[in-house]
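Listed below are the structures to be examined.
In what comes next, chain A is part of two complexes: it sits with chain B in the first one and with chain C in the second one.
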Partner chain A sequence: MTTLDQRVGGRVGESTRRPDGIPKATGTFEFVGDLEADDMLWAATRRLYVPHARLTRVDTTPALTMDGVHAVLTQEDVPGLPYQGQIIHDQPVLAEGEVRYWGEAVAIVAADDFETARRAAAAIIVEYEPLPALTDLEEALDREEIFRHVPVRRGDLDVHGEVVVEGYYETQTVDQAPLGTEAGLAIPDGEGGVDLYPPSQWIHVDLEQLAACLGLEEDQVRVHPTGLGGAFGSREDMSVHAHLCMLALRTGRPVKTWYDRLESFAGHVKRHAARMWYRHEADRDGRLVRVEAKVLLDGGAYHMTSDAVIANSAYFAVGPYRCDTVIVDGYALRTNNPPAGAMRGFGANQVAFAYEAQMDRLAEALGMDPLELRLKNAIGPGEHLATTGQEITEPLPVREVIETIRAMPIADVDDRPIGWGLTTPAERIVRAVGYAIGFKNLAFSEGFDDYADARVVLTTDGAEVHTAASEVGQGMVTILEQIARTVLGVSRARTVWDDTAHIGSAGSSSASRQTQMTGGAVYQAALQVRRDVLDRWGGDDLDDRGVLRNGEVIVTWEDVCRDGDPSAEVRFRHPPTEEPDENGQGRLHADFSIGIERAVVDVDLELGLARVVQIDAVQDVGRALNPMQIIGQIEGGVAQGFGAALLEEVVLREGTVMNPTFTDYLLPTIEDMPPVESIIIEQPGTWGPFGAKGFAETPTIAATPAVVAALRRATGRALNRIPVRPEDIVF
Partner chain B sequence: MKLNINGHETVVEVRGDENLLWVLREELHLKGAKDACLQGECGSCTVLMDGEPVCSCLVLAADAEGAEIVTVEGIGTPDEPHPIQQSLVDHGAAQCGFCTPGIVVSAYHLLETHPSPSEADVREALAGNICRCTGYGAIIRAIGDV
Partner chain C sequence: MQIEYPTTVSDAVDVLASWPDATLLSGGTDLMVEVNYRHRRLDQVVALRRIAELAEMDSAWIGAGVTHARLERSPWQGLAEAARTVGSPQIRSVGTIGGNLGTASPAGDTFPFLAAVDAAIVLRSASGVRTLPWDEFFTGPKQNARRPGELIAGVQLPEAVPARQAFAKVGRRSAMVIAIVSACVTRNEDGDVTVALGAVGPTVLRARQAEAMINAERRLTDTMLDEFQRLVADEVQPIDDIRASAAYRRHASGVLARRLLERVW
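Our next item is the complex of A and B:
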């Protein structure tokens, strides 16, 4: 097991405990679903669990006439623009004559209590005529149901290699399965506006959509950060948001709702299922000379963030490998499957499953060691990304992570019986090792104006960090306070989450971006406060007592703050990126993260059962601001990655989700989870605070192909689809 | 009906079909137990009922009458956290924290019944508690270090 240097403290580089840890462990932390308000109503949603249908009759009368029901609303009641969407506003707030995916919301109800609201929702008469559901990706492509096509053409397209490996790969639809389901509370302000407490990874992008939907000015809607039971991408798009605001504004009372697990499966986006065709060509020495890929992502019924996800799939289609001729076509497609959007890895996971399998098969064709092949093709600073041609200008230790994991001893894991009845003779239980890389961009790309606002205030009680950034559980709050304490020299810091009316956007808590982005803003703001105070008082340092000169206190914080607390507000931007040209070329990304994992897997060849017995991980982090939290992100990422390799799948039959419960959607338990040994690689970047980089998606990306690589070695099978099921191993 | 929660007798009106989790959260405002799956699969709602860990989502509130119920709030408080709670925080075993109250209750029961558990004991005792964030490593380290 990984051991940590346990230091209680608060500065950058220390394994500081998270400030919300004790409230969480004692059950006193307030999650969004725990919120209440006086005189509150409960809301419930009427959904139609049919993949595609024309609504022939929606009669709300039976609900409206029930005792205790205060409002029943449909799409006709949306006060403003009746569509929402983070990038493209194409999703009806409530179904508009048609439902286009399983579980689309048709109507919403507010009532005195939750039971009444749910019964009223069920009483609404919904009659419909089923329509054919488009659920096949190739059919969607043939029918040109294309959200976005991302082409990449680079190099001399006539170049070919002597050694050719072709492959076809599929990845499944995955649910983020955050333990906290969707919930929220909207409170009308009595003046036509509303305060909303939603589950969100980015409250300012919710605000833009909400103001439009509600037909209000942005200052009439205040969106508040809330406590979240996980996110992993599922809160990038809106869920309860507009519905609660509409009901609160209609009834003039606070309205709360909460989704049960089944409704949660219907109520948030999924990770895109993918189909991928690959052709790798190399010379006899193992140098990649040509890679071709076609990637189809299942975007489901509405755009959501598919347009950005497919860009990642296309631009990361070759991985961190050198290749001068690349042809990629990525398509995000519209179907009647559940809408897909963000999930940890954001389009990079699917292609990593494919290109890492291709690299292993190429190594086999060449008779080379798989790590040697990766080393031979690894890009580094000063070189160019195979797809976009972008020069790598930040540290990117691809070679280092490969060499480091190669040098790690393979743990001598005890020979516990594999544990499923001992029916299989020992020689039919095979242990094998697989490696895979995780590689991804950091922060937002393709010319997006990506920024984070933060305000730092120095008070007599330490530093205050003001932000709108979503703390989804990742531990950003710990990092922001460590940065503030380190820059300002004080022991105490606290985070104040401001609503959208009181601070600017922090951007999304996604894309592994908040340590660098909001962390960068806090760093710059704290530096400015520090400089201002030192200049004002003629000091040369700060500590808990006040301003110092030559180690002596020259003025205390009480005196410094007498005329107001010193503060600074900063809008932090990462290095600019460009929009792609027509061939997908350009400086499209601000930065990259690289990691590698080794999976040791035991496979019972007779029963088809697999147990991951050890994962080793080497992870690039720029600079480690909190090693304990980094280890936590690696281990958590590994769990989600091997879950996708072996267990997790949203099973779809013609667009219907067959397993929308935790009984049937299998998540890794503590019994499934192997020990994880992690090594952190520190090569400080140039623009994040103290050289830190984001990284927390790459461990998930790497784990899936690493586990499947080990399974291929153990079984000799192609295993081109995840999750790998027992029948894939046995039959 | 009367419920004995964390050593206190409480009178609460129930309709009849509510589960214990709903009564704890919505009637008694004890929001430590969490509502993540309502099928007894995730363990977020774990409480002790007469000393045994149960998923409160699967217990009819009426069936809890006469039983001693201990929730996460009865194990420690922010001012006086139980050593299990402190150790989970010290080891970074709470990320989003939604599963943490259930983990605390399961770990408390384990340590009450097995004061020096092996790692296998810890894994078995927590097999019914799903954590989506941590990958469980920090949880295992934390319970081993109480």
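Our next item is the complex of A and C:
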């Protein structure tokens, strides 16, 4: 499907190049939006950009009667279950009598070309009565519009501390803003089934929903992995999927679509906005004795993955700190704001912004150094997570990351002017430093049967890794091939992406899980192939020539593969987790990742402008399979994290998105990006390949509170809401 | 859609005589965004890039086809600094001052300089030439005085442009950002100061009272600077929008103008 550079070599531990790197940089890589098929039609979507309205009339006649239009479909045309959703199927495939969020899809069109499809979609008559939009989180809670309430009660609830810090915090709605917008291609098989090439982080979970929506058996729908221009959670829930399949099945022709940036803002889930109330109580020595938190997440109009996101917010509400009395209530709420779902950090970001601010304020109240307070309360192996009570049984270097960053020298950064055109002269700059940790679970939690399938085949041309795991740009393909080469002793490996009919689920490319999960499956499968071959031929090692004994080749790969390529398929599972009890207690998580960052920020107090001039990061990775990719993930996470601190916000007014373009949804540019100095901490875990752990969400979780901590130091202001705007500093 | 590619100004105005409502294309960094987002469907387009004479520039003339990339290297410091804040390198290499004037956004980055030096905009049509002072050319947000059939030929600068010029812009990130406030302050050999601000009114505007105060006092004490800052903040006419509140814009206008005044003094 995609063009990969096959000349990449390298074993585990080396900073080997990405096989998709040069094809992507030179434009030969085939992204999902590049796919085409013979005799293909184009699809367009009619959306209603109103937060809440009753549809009084949808007349498709003007579109149907246009030349070149082949089908116009609405919710009544959904062949099977007319709802979708990754966890709970509650989102109509197309609007059902009303629209419940800005930009909900009402109808879909297939036509000879894209322009005709878009004109036809616009020609559909849509009449509606606006309805009151529920957009306020506290009102949603009062009205009990609750997707999920996650309570945590742990310890002696009568215990109190002498030193008390209370705070209220807000975080914004964030868009994942992947460079590649939604696109896809569906091809009917002529026998009532369909092949779909969607933008997806998890094709097997798409398959379950699609088969139900289309009223087909699962073997009649084949979902194919595609080349993606980023995801960050935005591809966990379906977008173009069911629409394209419906149009392909109705017209009997391949159907393609592509969203422009504005439609992309309407077409995928967002990071939940949050409101959080916190009360931390400590003794005079700075030991946390009680933490209470209430967390409201804005789930938007439909469930999507909110039920899992709120679990993370609740279970990570205290951070990696020891505390024996914890009371948390997390609520994911239904509103008429855009549906929220997965985004890098998955519910751990919002609470980290709050509890790290609380820790700094507590340190101030105690007259303690903020890092010293964190060290005093840092949990480690053998101790218990403050919220769920789960014993930490894997390496978790909380103390080590804090001590390491404290020992890192602060870079001597020149007093660079802020902004262009000499807006801020150097003498107007105040410089300050802030620290924050990032902490979250790895892989799926709460008793979910989380597994990844992979097949490894040894051929005369090296190893083949077969997987359905989505390469969203994160570099998983590099890691899988490094693992296969290392275990099998060969210098060539290539990844083959199989569709849902040819291999089992790899689970989602999310939750920082694929290095451990699909990487774990590839590792086990490669080990099995290695053992099988050595047993069969009586060898003791493998290399590019064949099977060796005592350093001599005893059989070549040509001979080994004469009767068929040796292969093994493995279903890999992480250590099991449990469902929470009624108090949110239990072994709910398979593993955890910890990181910390130090932000050096320059602030122009008079204009309220801020510039991040340096980030230092220390990150727990278990074992570094590819140091260069780790650095890349840290730096990317930093960019996304300080973007959320200073710039990024989906601005909502009564449910309407006010800035659905990159003109006004401000992402950091290269000019805003500070240098990043990273230190990798290696304490091998017990179940990932070679001791590796996932980690790539934690750097972005840490960056946001670290930057705001520095801003608080520079300005003396509370800054309890992100993104911090210039006027929050000035007024 | 019909498109014409004239190679001379006289050919262009001939085309415009028969297509008076044609859309003029000069860089396309605003126009193509509108087209891509389907806000505009074009019927007749006159593409101006092939007209060499529109790209001419001399000591008192900036042709409408001069790109922001060339303005970055122009001799007028206040304009060069402004041009450097426009978009990205790609935008600056195709976007033109004529296109900037045609769009007439209140936040147009080149306008504070043009207003501060009292530039005039020259319009050409089949019936002749009109020269409009900047404050007659800009008529409102994204509105200007160009008539159907007219072409923006360029910008006429006064014979004596003040030697000391400074520009600065406030935006939330370091590049590719629309101004929340932009400002240009000039000071000539006689010590006369002008102050122009963008993105804080329906069009670029001059802070006349602040100018009058400082030009009467001719001293730069802290008291004078405070008063200057206050007058600028009073004179701007900002609105609330998603980029910033009116109150912040008013505040930042005063701060920015004061800093620029200190730079040109």
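By our rule, the second predicted complex is superposed on the first by the 712 of 731 C-alpha atoms of A that agree within 3 Å, B and C clash if a C-alpha of one lies under 4 Å from a C-alpha of the other, contacts with A are read in each partner's own complex, and residues count from 1 in each chain.
By our rule, a contact is a pair of C-beta atoms (placed from the backbone, for glycine too) under 8 Å apart; a residue touches a chain by one contact, two chains touch by 3 or more.
Please read these numbers as outputs of a predicted model, since none were measured by experiment.
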Which of chain B and chain C A:Asp260 touches, first, second, both or neither: both
Partner chain in contact with A:Ser15 - chain B first, chain C second, else both or neither: first
Partner chain(s) touched by A:Thr26 [first = chain B, second = chain C, both, neither]: first
Partner chain in contact with A:Leu442 - chain B first, chain C second, else both or neither: neither
Partner, of chain C and chain B, that touches more residues belonging to chain A: B
Contacts of A:Thr669 with chain B and chain C, given as first, second, both or neither: both
Partner chain in contact with A:Met658 - chain B first, chain C second, else both or neither: second
Set of chain A residues, in rising order, touched by both chain B and chain C: 260, 661, 663, 668-671
Of all residues in chain A, those that touch chain B in their complex: 1-2, 4, 6, 15, 17-18, 20-31, 33-34, 114-115, 177-181, 228-232, 258, 260-261, 472-475, 628-629, 631-632, 634-640, 661-663, 667-671, 673, 675-676
Chain A-touching residues of chain B, taken from the complex the two chains share: 15, 25-26, 30-39, 41-42, 44, 71-73, 75-78, 81, 85-86, 88-92, 94-101, 104, 122-124, 126-141
In the complex with chain A, residue positions of chain C that touch it: 33, 36-38, 81-82, 84-85, 88, 166-178, 180, 242-245, 247-248, 251-252, 255-256, 259, 263
Interface residues, chain A side, partner chain C - complex: 118, 260, 262, 418-423, 425, 428, 606-609, 611, 646-647, 651, 658-659, 661, 663-664, 666, 668-672, 725-727, 730-731
